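One chain, subunit A, appears in both complexes that follow, with subunit B as partner in the first and subunit C in the second.
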Partner chain A sequence: MPQSADKVKDHISLFKEPEYLELFAAKKAQFECRPTDEAVAAQAEYTKTWEYREKNFSREIATINPAKACQPLGAVFAAAGFEGSLPYVHGSQGCVAYFRSHLARHYKEAVPIVADSMTEDAAVFGGLNNIVEGLANAYKLYSPKMIVVSTTCMAEVIGDDLSAFIATAKEKESVPLDFPVPFAHTPSFVGSHTTGYDNQMKGILNYFWDREAQLTAKPGTKINIIPGFDGYSVANNREIKRYMAEMGVEATLLGDVSDVFDTPSDGEYRMYDGGTTLDDARDAINAKATIALQEFCSQKTLEYVETKGQQTASFNYPMGIGATDAFLMKVSELTGKAIPASIEKERGRLVDAITDSQAWLHGKKFAVFGDPDFCLSMAAFLMEMGAEPTHVLCTNGGKEWEEKAKALLASSPFGANGQVWAGKDLWHLRSLLFTEPTDFIIGSSYGKYLEKDTGIPLIRLTFPIFDRHHHHRFASFGYQGALRVLVEILDRVFEAADAASDISYDLTR
Partner chain B sequence: MLNRKKIQDLMNEPGCATNQAKSEKERKKGCGKQLTPGAAAGGCAFDGAKIALQPITDVVHLVHGPIACEGNSWDTRHVGTSGPELYRRGFTTDLSNLDIVNGGEKKLYKAIKQAIAKHNPPAVFVYQTCVTALIGDDIAAVCRAATQRLGTPVIPVEAPGFVGSKNLGNRLAGEALIDYVIGTREPDDAGPTDINILGEYNVAGEMAIVKVLLERLGIRLRTAITGDARYNDVAAAHTARANMVVCSQALVTLARKMKERWGIPYFEGSFYGISDTSEALRAIASMLIERGAAPELMERTEALIAEEEAKTWAAMEPYRARLSGKRVLLYTGGVKSWSVIHALQEMGMEVVGSSVRKSTEADKQKALERLGGDEDKLVDSIAPRDMYAMFKEGRADIMLSGGRSQFVALKAKTPWLDINQERHHQYAGYQGMVTLVQQMDQALSNPIWEQVRRPAPWDIEE
Partner chain C sequence: MSLDNAPDAAFNEALIKEVLAQYPEKAAKRRGRHLNVKKTDDAGSSCGVKSNIKSVPGVMTIRGCAYAGSKGVVWGPVKDMLHISHGPVGCGHYSWSQRRNYFNGTVGIDSFVTMQITSDFQERDIVFGGDKNLEKMIDELNDLFPLNKGISIQSECPIGLIGDDIEAVAKKKNKDLGKPVVPVRCEGFRGVSQSLGHHIANDAIRDWVFEKTKPEWETGPYDVNLIADYNIGGDAWPSRRLLEEMGLRVVGMWSGDATLAEMERAPKAKLNLIHCYRSMNYICRHMEEKYNIPWVEYNFFGPSQIAKSLRKIASQFDETIQANAEKVIEKYQALVESVLAKYKPRLEGKKVMLYVGGLRPRHVANAYDDLGMTIVGTGYEFAHNDDYQRTTDYVKDGTLIYDDVSGYELEKFIEKIRPDLVGSGIKEKYATQKMGVPFRQMHSWDYSGPYHGYDGFAIFARDMDMAINSPIWSKFKAPWKAA
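And then the complex of A and B:
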């Protein structure tokens, strides 16, 4: 027996024991009915060719290894960023377990989200009863200050009407009449988690500004900032707040999850911690302007905000020099507050750091995948440093994104050889990496299979990061954030240099 | 122990053109720059000796002193090896309080014994440091005893930090080699085309480039002193037919002594730049022929030079348009500059200045010709403040230098290329020049420079 109580082997070494190797070999020989090893190897080789790439890219129906998630994930993320807010999903509980584990694996935090667990009878008769019961139970069990409802596909397919159902539930006293229950319809079969974020954010504002009471905007001097779906939100939101404080700008972050997904271990369980206060959300209608940090997470929300007479502006994930410049200058322009010397100094330090390291990045080729806004700013930052974004791939990027990405690459000689891949998945990227290889891959943890397959090192810089800890605790926004991103990239560049070195295995680089 | 006379002799090198050009009075002062207390200075004699010998790859380098002498000098020079890794280990006696009161000789002996027992090296080099010299440890005696009792050569390197500059340390390292190592082994394969290269340390592993060129001519590099060297090859270096001195200020004394003792002629040359590489190959060939190698060696040498030069210029051609008109400041230290100036000018670049700190008079003359007789462009050294001003006023587009002046350029928003020992690219030989041009092109075209030169966008007046 390979396993004994005196020395328990974990699975990394256990399955290398002779008993297991024998077992695997016997299973393969007797039961798997598989082609010869040579045939498998030959087929594997074939998948690395241009011919296979063409077949792969003519694929119309199947998506293999998508780099995106579904609407309700974005919706519960947006909902979680408010004070005492309980995200509530109307539909099957299995979906909700996925969202919770997705967020918990990334943030290493408990993520409270409830579902009203629709079953077969609900699918036939409609989910009204589930909402009536579900809201009542959630309200009693978890004492939230607000319950934010989104939907899974199941409820959407049968056409449940949230507005009417919630009204009915309130009539039946599931929750008090004046208890905030914003909602959004978020079918998974439309868009992605970025769409869901947008819908839910709009739903929440719409509830406070139009449904709870008909508010009229009294424009003031404050601004609103909508961060968008961002795996680094814990640190990034804090960085944005620090910038606003340094500039003396009064700003409201709408959907601020920085404390929600980063609670201390001090003996007290905080089911709710931090988040945008509900009064701030109500008052946000009186802001002078609303800025979205991620354009493709906020298009519908901004359209709605504009109907309230506010100015709006949107950015594509303010990471890197130019992107941060543009963000700060817009804030300065909108508020009339100058950018202080302290921030200018941070900028200078970032530029200084890049000059120190530019020789190691110059001309290095990168494949970038992730959400639309992240892809744009990552590619832009790479080009600022003299690196080349060779493949920019975005599964949830549409036509508009594609044009924007192409224009971005065309703006710099370092983008001249870059290609934009909208709506493509990670299996497409695999073909790209075998036929037109890059030096590094930038993306999420899902890129690790590509790394193993192609041997091209992966740099984890976007959601989800399941297999490395605490990346989200350090900002990627702003100049300091860019510095950190620079260091992450450089670390991999140097590791690759060390790994490839025999004669030049140098102490100093 | 070291005496003043030895140091004075080292500083009065008859083989050194600079020294010979001096007046009697100046010569007496020696060539070591007097250190100025309170001013920033370079490395000490210990450091100089260590870097000159550490590239010998298969021996134990044992530093007798407190921990930091070894700690700080441990594998910092990127000198490559094609085999043994032993030289990369940091060995030290790590003296502490009590050792200094009681003397460290016994500890040193034990350390030598332990190192030999564990690694069985062909030799051990023992380095004196300030502390052990001050307390009077006689490392020469310990090494003598260890050699006799343990049967492995143990070589004392008497260059404690306080005796002088890093350059003096280089020379003292040469003394250790001539006193204890070179000539102690008779090889059974001495041939008519064996040479040594002195003052070549295999930085960034670039000797590989040189070796390939020599091998194509059928010339055997017996050893470099000391890049990628093996102890037994250094011990047999006296059987070479010619010596090439690359970094003349460091080891010209060694070359002269080898000539006096074994009649090995030497010349000073360089593998940096296209024309210098060709010149060096020609000089090696003609020296070997004089000493009995087949005369057709020269024909083969010329053929190789013609082929390689044509190939190199062709490889550099694509960069001409991109580099043409760019102004470059060479601040090079050890790397001979005139031949690099030549190549850069051929690329259409303007050389706005070149340092000649470590060049001979002849080199300076050649450099001056290349720069159109403009003496202002030839400088011994530039004070950081002036250098900063030079970049600030935009008089140069790029600087090639060692790491020490790097930040002057960078803080003045000017691209900089490392051509000193911390570099990671091989710039020697024909191929190296192409690499240099490539790297320069990269440094100049990186988008961060545009960013660096612009103020923060909110500070730009509309």
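And then the complex of A and C:
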């Protein structure tokens, strides 16, 4: 009897009990008709070879374990970052169930988004009725201050026109005429979630600056900051705001989800909490400049912002020493505010910590995968610490990203042996890790399958993180964030050293 | 609520009125048909609610789509096949490894359950169609994963809209590869929920597995198929153990931990045992009509239903099996008693609200009863009329019934009823917990399980206890705030 009330065994240990091992063996032998163990072992070995790697890299259509999601995920993320904002997806409802689950599994938070549930009749006649009814119901039930509409691929394939549909819905009094309903077309067969973020952010600004009223920019001293799609946004946005406060800079974070995806447990469910106020979004047209923290999440938005006469600057995820330096110096340059001694001291402490630990990182090889901007800053930070980004792989990175990544690796001797893999997926990475192994993998939870197959330890440092809790509650941006990233990497380095040590199982490292 | 924790019909009726009052008129009328209170004279009827109807736009339905029903539920767990999410990247991405249908096998070599394989549609595929690339992709996959036993094509929304002929591709590749290639028309816009996806997936098994293969199999007198157990957290394994212990031979497990061979030989069995009626009754009915295989519904949640089900299953066989069933029930009696002795005192009298898919809102009810807990509200995402009919046997009069509940409704129901536990999904979990109400995910077993069988019941009881009796619930109010 494997089970008992005294010590209840669940899936983690129950299926190691002899009764279950016998059951598995008998099922396999008598009923499953699987390939022989020898054939499985031979194929498993074969997948580790250069020959298999070449076969794997010669595929043109099949995409296997891609590290990217689709546009509307980024769109609803951007929409969620505004005060009282209800993301609304025009199209199939199943997509919305997926977006909500996906974000909830990462943030461990409720993620309210509505769908207008288009089905077969809407596929034939278009989804106008769905939007007319859907906006009315969402407005009445959930009392939002703004409803932000994006689309699923179904609505895109049949060619629904959001601008016209929303105008009709307003005429039919689904929502008041002056109620904000920004929108963006977000076809999932173009780009990825980072594209969707960009499209929706542009859609929201465009609504407030051009559609709601034709605003004219009166340039002031404030700056805007667009965080981009970031799984660590809860803590990272707060860190950016702390820096701005320390510098005495008046800044507006556009699409600030830090309080939205981090509400307290005190007996009350807050469907809306925090977010950029709508007045701040309107007033953002009067900023002196707009800074995007993630270039590849914000290109169209910045182009649009430039048409309003603002200066713009973009960064690739300000994590690490140089990336944080560059961000702060740009803010200082744009605002005329000096970087205070307090921040300089934080920088010094980070440098101090890296100095203490660099011997454990020098020459260690890393594979990095994730979104375009994350990959760039992670690789740069590794090189600052003397580590080598051996494979930098970005499923949703294009030509422009590839060139940038190559230039980055070329800028440091620690990048000399690094290779850049744009548009490749995690099954490609599996071949790379077998043929040209690294010491560690840095990426998201999806990397755990690579860790299991190759035995190379995974360090979870980017979205999504489903199988570890609360990482997103601690910043990775700025000097403090870099310190935390350093510690996470070091912990795995030391764990690996301890695990591999017998004679050298040192107390002090 | 009344003192004995029985559902309060009058309270619940008033609550429904209050909730509907917030809707615009048209939506209130539509939603009103899906909310009711179970009454005595409902026995065998539908609990007084309409079901399997389109969701109202903009209300925050919790439902998914046909693709989720086919790829996510029915086909995805078949471990030695490659399942292509055919269309844009998202659907396969969000459903990647998210149903915990456990399996034994080597991923990427002879098993492919936890992989995300997609044609990753781009704009040119929408414009020019995806058939040609699909054909090429199947060749590439077969080359990279030569030990696969077959390939399924899980259609995403655009496929049906752009007029691709995936059936023609499947036929051609079936011939080329000499392996089953199964086209599934589970585009997300079809139907009103996951449910039509189950049905379409069942039909694809009928047309593209049964019709294409004639497996050799020497049938024994006790051959059964264990149908519609998806092996969440390993559920199907304790279930299989019980059946084997009573002397039955499980020749096919569908579809948790299943191989294609187990599906192909299913028509050779003597009896189909179906756990999730909603998702696989179609194929059972087909096997009954075409192959003359009877089917029996059973329930392996909680000791009362397990014993009842074991006897019901045994009654389909001879006296040896019937005697064995009694022995199995007897064998586990001590475990059941020790679990109840440990957990029942901690859980007795607690009120539970459920909102799950198409089976569990009724099937787990007696497992809670066994622990002395009461279901005060329940509802389904994608049930049909026959599910609500079956529900009347499981729940007490006065129970609040909600079909395709909206986020708004569920939140209001929980707020007003203040149950001791809510069992629902990841989308509902965090809002409920923030209200100070304990919660367990009842799709994924909240990363625990198995819950089926006697082994599973111990885990079920432990999990409900730790949700309800966690010390954290007493810390929600800051001590300096007046009570």
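We take it that the second predicted complex is superposed on the first by the 498 of 509 C-alpha atoms of A that agree within 3 Å, B and C clash if a C-alpha of one lies under 4 Å from a C-alpha of the other, contacts with A are read in each partner's own complex, and residues count from 1 in each chain.
By definition in this document, contacts are C-beta pairs under 8 Å (C-beta built on N, C-alpha and C of every residue); 3 or more make two chains touch, one makes a residue touch a chain.
It should be emphasised that the depicted structure is a prediction, and the values quoted were computed from it without experimental measurement.
K.L.:
Identify whether subunit B and subunit C fit side by side or clash on subunit A in the overlaid structures.
P.N.:
Pair status: fit.
K.L.:
Under the stated touch criterion, which partner chain does A:Ala164 make contact with: subunit B (first), subunit C (second), both, or neither?
P.N.:
neither
K.L.:
Looking at the overlay, what does A:Thr119 touch: subunit B (first), subunit C (second), both, or neither?
P.N.:
Only subunit C; A:Thr119 stays clear of subunit B.
K.L.:
Once the shared chain is lined up, is A:Ile64 touching subunit B (first), subunit C (second), both, or neither of them?
P.N.:
It touches subunit C, and subunit B stays clear.
K.L.:
So in the superposed three-chain picture, is A:Ala407 touching just subunit B, just subunit C, both, or none of them (first/second/both/neither)?
P.N.:
After superposing on A, A:Ala407 lies clear of both subunit B and subunit C.
K.L.:
Quick one: is A:Thr508 in contact with subunit B, with subunit C, with both, or with neither? Answer first, second, both or neither.
P.N.:
first
K.L.:
Between subunit B (first) and subunit C (second), which, if any, makes contact with A:Ala245: first, second, both or neither?
P.N.:
In the superposed model, A:Ala245 contacts neither subunit B nor subunit C.
K.L.:
Quick one: name whichever of subunit B and subunit C touches more residues of subunit A.
P.N.:
C
K.L.:
In the overlay, answer first, second, both or neither for which of subunit B and subunit C A:Ala213 touches.
P.N.:
A:Ala213: touches no partner chain.
K.L.:
Subunit B to subunit C: minimum CA distance in the overlay, Å?
P.N.:
35
K.L.:
Show me the residue ranges of subunit B that touch subunit A in the complex, using the header's touch definition.
P.N.:
For subunit B paired with subunit A, touching residues are 74-76, 78, 80-82, 204-205, 208, 410-411, 413, 417-418, 422, 424, 439, 442-443, 445-449, 451-452, 456-459.
K.L.:
Can you list the residues on subunit A that touch subunit B in the complex?
P.N.:
321, 325, 328-329, 332, 338-339, 344, 347-348, 351-352, 354-356, 358-359, 362-363, 383-386, 412, 414, 503-504, 506-509
K.L.:
Which positions of subunit A touch subunit C when the two form their complex?
P.N.:
1-6, 8-11, 14-15, 19-20, 23-24, 27-28, 31-35, 39-40, 43-44, 47, 52, 55-56, 59-66, 68-73, 88, 91-95, 97-102, 104-105, 108-120, 122-123, 130-131, 133-138, 140-142, 152-154, 157-158, 187-190, 192, 263-271, 427, 430, 446, 449, 452-453
K.L.:
Show which residues of subunit C lie in contact with subunit A when the two form their complex.
P.N.:
The touching residues are 22-24, 26-27, 54-68, 80, 87-91, 93-96, 98, 102, 104-110, 114-123, 125-126, 133-134, 136-137, 140-141, 143-144, 146-147, 149, 156-158, 160-162, 188-192, 194, 233-234, 237, 240-241, 244, 250-253, 257, 259-262, 331, 335, 338-339, 341-343, 406-408, 411, 425-427, 429-436, 448-450, 454-455, 458-459, 461-462, 476-478.
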